[in-house]
Amino acid sequence: MQDFTITISPRLYETDAMGHINNASIAAWFEVLRVRFMEERLASGPGAGFDPAAGVGWILAAVHIDYKGETFYGSDVTGRVIDAAVGNTSVKITGEMEQDGRQTISGYAVLVFIDMETRRPVRVPDTVRDAIG
Amino acid sequence: MQDFTITISPRLYETDAMGHINNASIAAWFEVLRVRFMEERLASGPGAGFDPAAGVGWILAAVHIDYKGETFYGSDVTGRVIDAAVGNTSVKITGEMEQDGRQTISGYAVLVFIDMETRRPVRVPDTVRDAIG
Amino acid sequence: MQDFTITISPRLYETDAMGHINNASIAAWFEVLRVRFMEERLASGPGAGFDPAAGVGWILAAVHIDYKGETFYGSDVTGRVIDAAVGNTSVKITGEMEQDGRQTISGYAVLVFIDMETRRPVRVPDTVRDAIG
Amino acid sequence: MQDFTITISPRLYETDAMGHINNASIAAWFEVLRVRFMEERLASGPGAGFDPAAGVGWILAAVHIDYKGETFYGSDVTGRVIDAAVGNTSVKITGEMEQDGRQTISGYAVLVFIDMETRRPVRVPDTVRDAIG
């Protein structure tokens, strides 16, 4: 898989009284990373036909974040998706963030694909497999 | 009008690097104050029949906040609606917040009532006038 | 260990366009849960003498959240710490959340104790061991 | 004054259950706009010498936001500072936001300059007057 990267400029309100970026702001950035990744891959790959209207969507099943180092205000952060492992009904997206050459975050999110009507897990559509594989 | 009060316990992630609660967190609390006020009045007053299904809702048209003093982590904040002025198509809700006996915030929000379908302003329903007046 | 519980009333701005509480808001609530737990235990237990001024603090090393079910606006959420496992330099706090009798979240956070000056891990102080064990 | 603009890409977690960007997220963006403006002007103008170490800082005294139109996920927002009016001890920064050619927000923030030690208002430093005028 080709890495997917985004740049995030920390915002003042994302800091906390410890003087660094708060862990919950970083969990929110992690959503930005995986959502931008899915948007980009599903629109640009062979899976461009993936269509929520087809009745399949995904939900977030799990998030894991290792806080490797503090993130500070004043310098851009690079977020990177380094792997997207497709299972039967789920996709595990692994990412990292770094600031000023230091790794600050590593983690993953598990997305489960569901039938939007029954809310039950369904096989990850082939269009998605093709797009993010 | 009888004052309406809520209690907010500041959260660590709502602080910022200046060591106090961030202004944007307080703007978010202000939403909590006006929404809880509307929910409580519309459900308990004679306007309990107010029904979004009737096709009338409101949107936020303006917010004004004066930051009178810093708000800190570690001590509860009291939010208070002190006035709700009903105009033709709008309601202006005025509120205050205090912490440890010091006023920290005063401000107001203007809600405009709209026809949910046309999105055009409509007269504030009588049920709402009765409930929050 | 005796369970520690908090109550969280979802806020409107914590919802997202999917109509439920956003995952990042829940990650923020998870901070509230563990911080309130630590505050309560360290102040009320035999470890009341634990003193950041003594130069020992903790940092968040990892968070894991399993999203078991959707959380909605309009009904209180109960957060519960069900375990706090003390290691050599870290504490693993395990928690759950539920709404209307349904489990919505389970997860854990790993806190690492550090010397505030050198920023290096140190043994979890005895006062902390006594207080949260 | 030359306009100062920033671009903000709405994030999924900034939406709310009404399907648009929540008002509190926009209040937070408004902080981003005024802070980036001050950072850029104070570093690049003749006031580059403005130094918090000199003991002068600013606090937010008031924010006013008119919500002119809904902001949605999926399309960039342009934030623009269109005026910065320097008074004796304060600066009033007026800004706007637009999305897809529609104005979504107009508003202002009042910053008061203070002596960081006494926390009392002081005259806006000449370096600041030169930089943002």
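Chains here go by letter, A, B, C and D, matching the order in which they are written, and residues are numbered from 1 within each.
Heads up, the rule we're going with is that a contact is a pair of C-beta atoms (placed from the backbone, for glycine too) under 8 Å apart; a residue touches a chain by one contact, two chains touch by 3 or more.
Please read all numbers here as calculations on a predicted model, not as lab measurements.
Q: Please identify which chain has its centre, taken as the mean of its CA atoms, farthest from the centre of chain B.
A: That would be chain A.
Q: With respect to inter-chain C-beta contacts, which pair, A-D or B-D, contains the greater number?
A: Looking at A-D and B-D side by side, B-D shows more C-beta contacts.
Q: Report the inter-centroid distance (CA atoms only) between chain C and chain D in whole Å.
A: 34
Q: For chain A and chain D, let me know how many angstrom lie between their CA-based centres, rounded off.
A: Chain centres of chain A and chain D, defined by C-alpha means, are spaced 29 Å apart.
Q: Rounded to a whole Å, what is the gap between the Cα centroids of chain B and chain D?
A: So the centroids are 23 Å from each other.
Q: Touching at least two other chains at once: which residues of chain A meet that condition?
A: Residues 12-13, 22-24, 28, 31 of chain A each touch two or more of the other chains.
Q: Which stretch or stretches of chain B touch chain C in the complex?
A: Residues 11-13, 28, 31-32, 35 of chain B touch chain C in their complex.
Q: How about chain A: which of its residues touch chain C in the complex?
A: 22-24, 27-28, 31, 59-67, 70
Q: Going by the contact rule at the top, pick out the chain B residues touching chain A in the complex.
A: Contact set of chain B toward chain A: 12-13, 15-17, 19-20, 22-25, 73.
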